[in-house]
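Same chain, two partners: subunit A is paired with subunit B first, then with subunit C.
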Partner chain A sequence: MTTADRTREAAANASGPQPSASPARGRPTPFAIALAVLVPLFVVLAVTTDRFLSLDNARAILASAAFVGITAVGATLVMVAGSAVSLATSQTATVVAMAFLATQQLGLATALLIALACGIALCAVQGAVIGFWGANPIVLTIAAGFAIGGAATWFSGGTPVYPDARGFETLNSTWLGLPIAVYVLLLVTVVAQWTLRRTTAGRQMYLVGENRAAARAAGLPVGRVTVVAWAFFGACTALTGVFLASFNTSATVTLGGTLTLDAIAAVLVGGTAIAGGRGSALQTLGGAVVISVLSDVLLLRGFSTGTQTLVKGVLVLAVVVAVHLRSAGSRR
Partner chain B sequence: MNRRWLSRPDRLMPASSLLIVLAAFAASPLVSGRPLELFDAYNALQGFAQLGLLALAIGITMIAGEFDLSVVGTYALGSMVAVSTGATHPALGVLAAVAAGAAVGAAQGGLIARLRIPSMPVTLATYIALLGLTYVMSGGLSKTYPNSDATLWVDQTVAGIFSPRSLLTLAAFLAAAAVLGCTRLGRELRAIGGDRRASRVAGVQVDRHLVAVFTTSGTLAALGGALLGYSYASANPDPGLQPLILAAVAALLGGVSLAGGRGTPLGLLAGTLSVALLAQIVATTALPDFSTQLLYAALLGVIVAIESPGLRQLVDRIRAHRLERLS
Partner chain C sequence: MNAPSTGQTRGRVQVRVEGLARAFNGIPAVREASFTVGAGEIHGLCGHNGAGKSTVVKMLSGQLPPDRGRIVLDGEAVELGSRQAAQRKGVALVDQELSVVPALTVLENMLLGDIDVPFVNHRRRATARARQILDGMGLERISPDQPLSALSIGERQLVEIAKALSQNARLVILDEPTATLSDVESAHVFAAIRRIAATGRAVIFVSHRLSEVLELCDSVTVLRDGRTVGTTPTKDLSVDELIVRMLGEAPGRLAAAERPDADLGHALRIAELRVPGRLADFSLTAPAGRIHALAGQLGSGASDVLRALAGLHPTATGTVVLNDRAVPFRDPVRAARSGVGFVSNDRKSEGLFLGRSVAWNLVATRLPSLGRGGVVRPRREQDAVRSLAELAGLPQPRLGEPVAALSGGNQQKAFVGRCLGRPDVFALLLDEPTRGVDVGGRAAIHRLLREAADAGLVVMIASTELEELLELGDVIITMRDGRVVGRYEGDANGSRLMRDMTHGVEGA
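Entry: the complex of A and B
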């Protein structure tokens, strides 16, 4: 009997007798009932809302999902790979936005490349410290947030960064009625989903996220896989930063705003578990769109920003509880 | 004896950080060019009062191995409730705020303990929801507090350097230290944070303790918010993430580990005082604002380095290698 077998047996004994079939099947859980009541209710509410079912509104929903969605898709990989979340997302996006606008005179393509390199480098370094040294991601990203935010204030002198050229305005244009950011969101989602499902690195992200110690014992390159996940996240954050910069045409140290938590909320609503090992980029896209639709319906019905935020919080809570109950049920 | 007492990180970290910051505080006249006054100490303690209850709230959840992100939401809710309800009777406003905070904390604690969910996503969701709630309560604007007597009272100087607000904060720390130090509770909380399954097997009432921890953290955060609302004579619906992050920094400097199972209220006190003194040093020496951020980054960098298992293994390996060569 190998050590692995013994560990597995010990784990099986520790979690008690195991029923062969999932107990959730056949007997509806309270959350399934709640879901069955709430979802149709919401659909009816949405469809009966004035101006909800229009092409313009659909465009507005997608456009408002795009900025946060791009970052959230990247954050999915980080969460799947078991490094929970980054609390430095806003700062990273802000710095990238500043770098992008400050290098506009070099041409759009060069500025874009510099911005992407900047975002990838900042996040890959954090990923390396987490992956190779096992640093706590929360403490590390708080530290990184201070360092990046402090450096941004230092170099910008606390004043807004204005571009020397207007090449970035191409990014604000629309194509077939949709902003470019929406196409980028779809592209990023497809790339992320393909990476997670079809590449070795992506498959390994699930394994590392599920059980880091076991993945290391099995000889998986834990450090490298974590760095890849963070680098991808960095590229996504950089893209959001670029779009934020283009949209606002200037960058201040507060440009990132609430991006950090909005992105985490979208990933969680998509059903990715914070402990890692499960989740997908497509679900995160769904999560970002659901949040966007919800805000849109509440806005059209005349509710305030406060109510929208309140409902968003309750939605995140409900999904977190539902996902946890489902995964706990299938594991037991 | 002394060396052994200091060899544990939950004592070494707060003691050394407080000593270093105190030395820097004493040396700050060399940079600012004016001697230290009692008023500087008063200001530092006011900063401590602003952060303290929040740091204590998040600190005790971290000792028990959880991470309560929602404290900053409860903080905002506490100041909003106190300012809205305590115009004529300030004590009533504080009571209402504390009750609201305790209710939010108990609900979260119940959910986390009963369903065994990781606390971070749950408290993040609560934070977002509470933010929305404070916006709804205030209409998105900050709400002014008309009772100027209460505002003057909470910030009046007591014995030169204290105020009722900082004394209350200090009292909360000492009370927490007494409760966790003199009863089994302190050890049980650390046990829950260190190894939850083992402490459950050993007969610790894990679920009940977790509910109590979150209720306490909600109560403390709301109390801190209420006092802040009275002090500023207004309540801000969105304090941002900064107070939360500073409170977490204070807790980490106080020797609490994010992995749980380590830390004491007195350590938290030292950590919070360090952060407050640091802010006061930056204010008196007129250092640019970003230098504080870079300083925090460096401090947390040190904590990350000390705590990360990979680095520790590396150090151990080098040490073992050297010992081998010596023998």
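Entry: the complex of A and C
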């Protein structure tokens, strides 16, 4: 993946023109080489960037990774189980955020539970349609995204939802210098990783994602496994929604923003195969942090959000190609 | 009996195959195949499984280069480097599997993959030509603008043949074109084939259905163990004579060992099992301890019996009882939960998890039993993997490798091993248990199945291979066209089975 790395370097240093769209020559270079180029590149960038190597900056990186990271870790399970991606993530988080703020007068714990239930239910239903009836996840979640977004608009009347109580502010506090969201991200990652590796359902997610027809013929509970993956994803999306709501202290229909694609990017940069069967929550955490570091470096060097988005896109593309080449190589 | 295809051009040699040979990894699949097909002749190609038919077809259609020998078309020796090259030389292949696209129209399908289609498509001219070809096959009822999805499977097969014809072929090869068709549909296909031959083209017809071969073809070449046994005019042949030629020394019963009494208390009882379009009616009581072998070619319904029991035919009807408990057999999860273990005939796409390790594959279906409360215990998992690998005869050092890295035989051992040693599996159903497995692996898998039966499991296999059927089957049930033809218990021999499988009900 040296070509991609070179483009990335060019983009990161931004000394010259943007990626010359050099086509990969179809020459499969080992994944390790990509890493060997990537890691020193980061180190060089980090050392040569002002204010990058500071505790405050490290905190900022983790904090910015947290919101997207929590959802991305959940999305890892969905992708591992072979249901590709959800394109309704932003909308789900928005609805959850609204529900969370609108129920504040019932107390923080109750509002949190309602928010979680709401996220789990929304996603589990989509998972059931995909798992039991074999719906195409892309098509289904596009439709679900419109439906949920529409419901959010109808629910809020198009105006921001303001909370009746301020209980949620607890979630904005920091602990040992880090926002609570960071701890939640770490906790969610550990739980997801454990679920994938050590539970029956998690192991079956890999199998279903690897070969759905074989899983079906073997009598594995394909539908149930898919629903569990989606429900977990729903809980994670709900947590992100809750943090977004607390951070913004109000919820509009556009609160979710670019969460959908950001979460997918983090999962993909983590090296999870979009076709399923491969990947891990730890890798996704890594992916979220890498994206966060990259954005941070570009920000510190004074690049526009446009450049940041562009570089993020190139990074995702490079990793997806690398992952594809690696799996194509191992199948040979 | 002979086809009315003996046109005026008959007798001129169109295709000559001279001493073709081809080996795979040093193992010869075809040793010496030679025959000639005259213009306007319908030439049958017969042989038992593994005789080399499909390899010959692949060499004739440019999909495999021969190691030795040559192919002569119209007096000119040709090199067919690819399927496109073969097409350019005038060889058209109608494959076993339909390669037509349901979403496209008849015309579009006929143009698909045709190398002569100009870059700019003259639609009107193409339509007229398609119309002409369809009319020539007696398919006036099919319009070129009809989407293929509106046609029946038989009609799709006819379009596939029309597609081959539209390529101005000199030689048309039909590889099992009728395997999945009903008799009425087959009749249409035969009529079309006769019309093709009547225009002076050479036709090679490959089929397991011997009565069809005798009815349709002018002469038959029989292959056995990769060699041509001989070419005979069909008017001199009967089905039985053809079977003798195919089998040579007919294999008799190989394992005539005495079996302990069948354990009727633990039995799989199947009553009036039906799968629309595939299985007409199937009833069987299979007691534990015996191996029941269903003998039938592609489309006979043998494999559909097993698939239906495993829950993979949601439209199946009937009653299935295992150990006196009804099996909810329209759903694979519930079928598996009631004790049915299924090994599909396609271990790559419907069996193993190829990218995963051997160890993962061995325990893939028993994860809930390896822990408590949905949490897998690594220690128990390792123990299970180790003992299963030992049982299935898989090399311990390779358990961590992806299963795709193993040989076909070891892959199949892992696949079968996955269903063994499970206290919650009472019936083991295996579709083609040794497809693509070497001789040693075969023996090992047969031993595993015998041990499973002796351990008190109901074991049922479906197979097309006579040796396997005779070796494993304590009870052999022959099938054709979705129906049971015969039932043999200790008195089976190769030619009887072959006759049942290929000739069917009316001949039995």
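We take it that the second predicted complex is superposed on the first by the 294 of 332 C-alpha atoms of A that agree within 3 Å, B and C clash if a C-alpha of one lies under 4 Å from a C-alpha of the other, contacts with A are read in each partner's own complex, and residues count from 1 in each chain.
As a convention for this text, a contact is a pair of C-beta atoms (placed from the backbone, for glycine too) under 8 Å apart; a residue touches a chain by one contact, two chains touch by 3 or more.
Just so you know, these numbers come straight off a predicted model, no measurement behind them.
Colleague: Would you sort A:256 into first (subunit B), second (subunit C), both or neither based on which partner it touches?
Modeller: Neither partner.
Colleague: Give one of first, second, both or neither to describe whether A:214 is in contact with subunit B, with subunit C, with both, or with none.
Modeller: Only subunit C; A:214 stays clear of subunit B.
Colleague: Between subunit B and subunit C, whom does A:69 touch in the aligned arrangement: first, second, both, or neither?
Modeller: It touches nothing on subunit B or subunit C.
Colleague: Does the superposition put A:199 against subunit B (first), subunit C (second), both, or neither?
Modeller: A:199 contacts subunit C only, not subunit B.
Colleague: Check the residue A:179 against both partner chains and state whether it touches subunit B (first), subunit C (second), both, or neither.
Modeller: In the superposition, A:179 touches no partner, neither subunit B nor subunit C.
Colleague: Does the superposition put A:268 against subunit B (first), subunit C (second), both, or neither?
Modeller: first
Colleague: On subunit A, which partner's contacts cover more residues, subunit B's or subunit C's?
Modeller: With both complexes superposed on chain A, more residues of subunit A are touched by B.
Colleague: Is A:306 touching anything from subunit B or subunit C once the two structures are fitted on A? First, second, both or neither.
Modeller: A:306 sits against subunit B, while subunit C stays out of touch.
Colleague: If we count contacts the way the header does, which residues on subunit A are in touch with subunit C in the complex?
Modeller: Touching subunit C: residues 198-201, 203-204, 206-207, 210-211, 213-224, 277-278, 327, 330-331 of subunit A.
Colleague: Under the definition above, what is the set of subunit B residues touching subunit A in their complex?
Modeller: Against subunit A, subunit B makes touches at 67, 111, 115-118, 120-122, 124-137, 139-140, 237, 241, 245, 248-249, 252, 258-259, 288-294, 296-297, 300-301, 303-304, 307-311.
Colleague: Name, in rising order, each residue of subunit C that touches subunit A in their complex.
Modeller: Per the touch definition, subunit C meets subunit A at residues 310-312, 332-333, 335-337, 340, 342, 344, 349-356, 360, 364-365, 367-368, 370-371, 374-376, 378, 402, 404, 418.
Colleague: If we count contacts the way the header does, which residues on subunit A are in touch with subunit B in the complex?
Modeller: 84-85, 87, 129, 132-136, 138-140, 142-147, 149-151, 153-154, 158, 260-261, 264-265, 268, 274-275, 304-314, 316-317, 320-321, 324-325, 328
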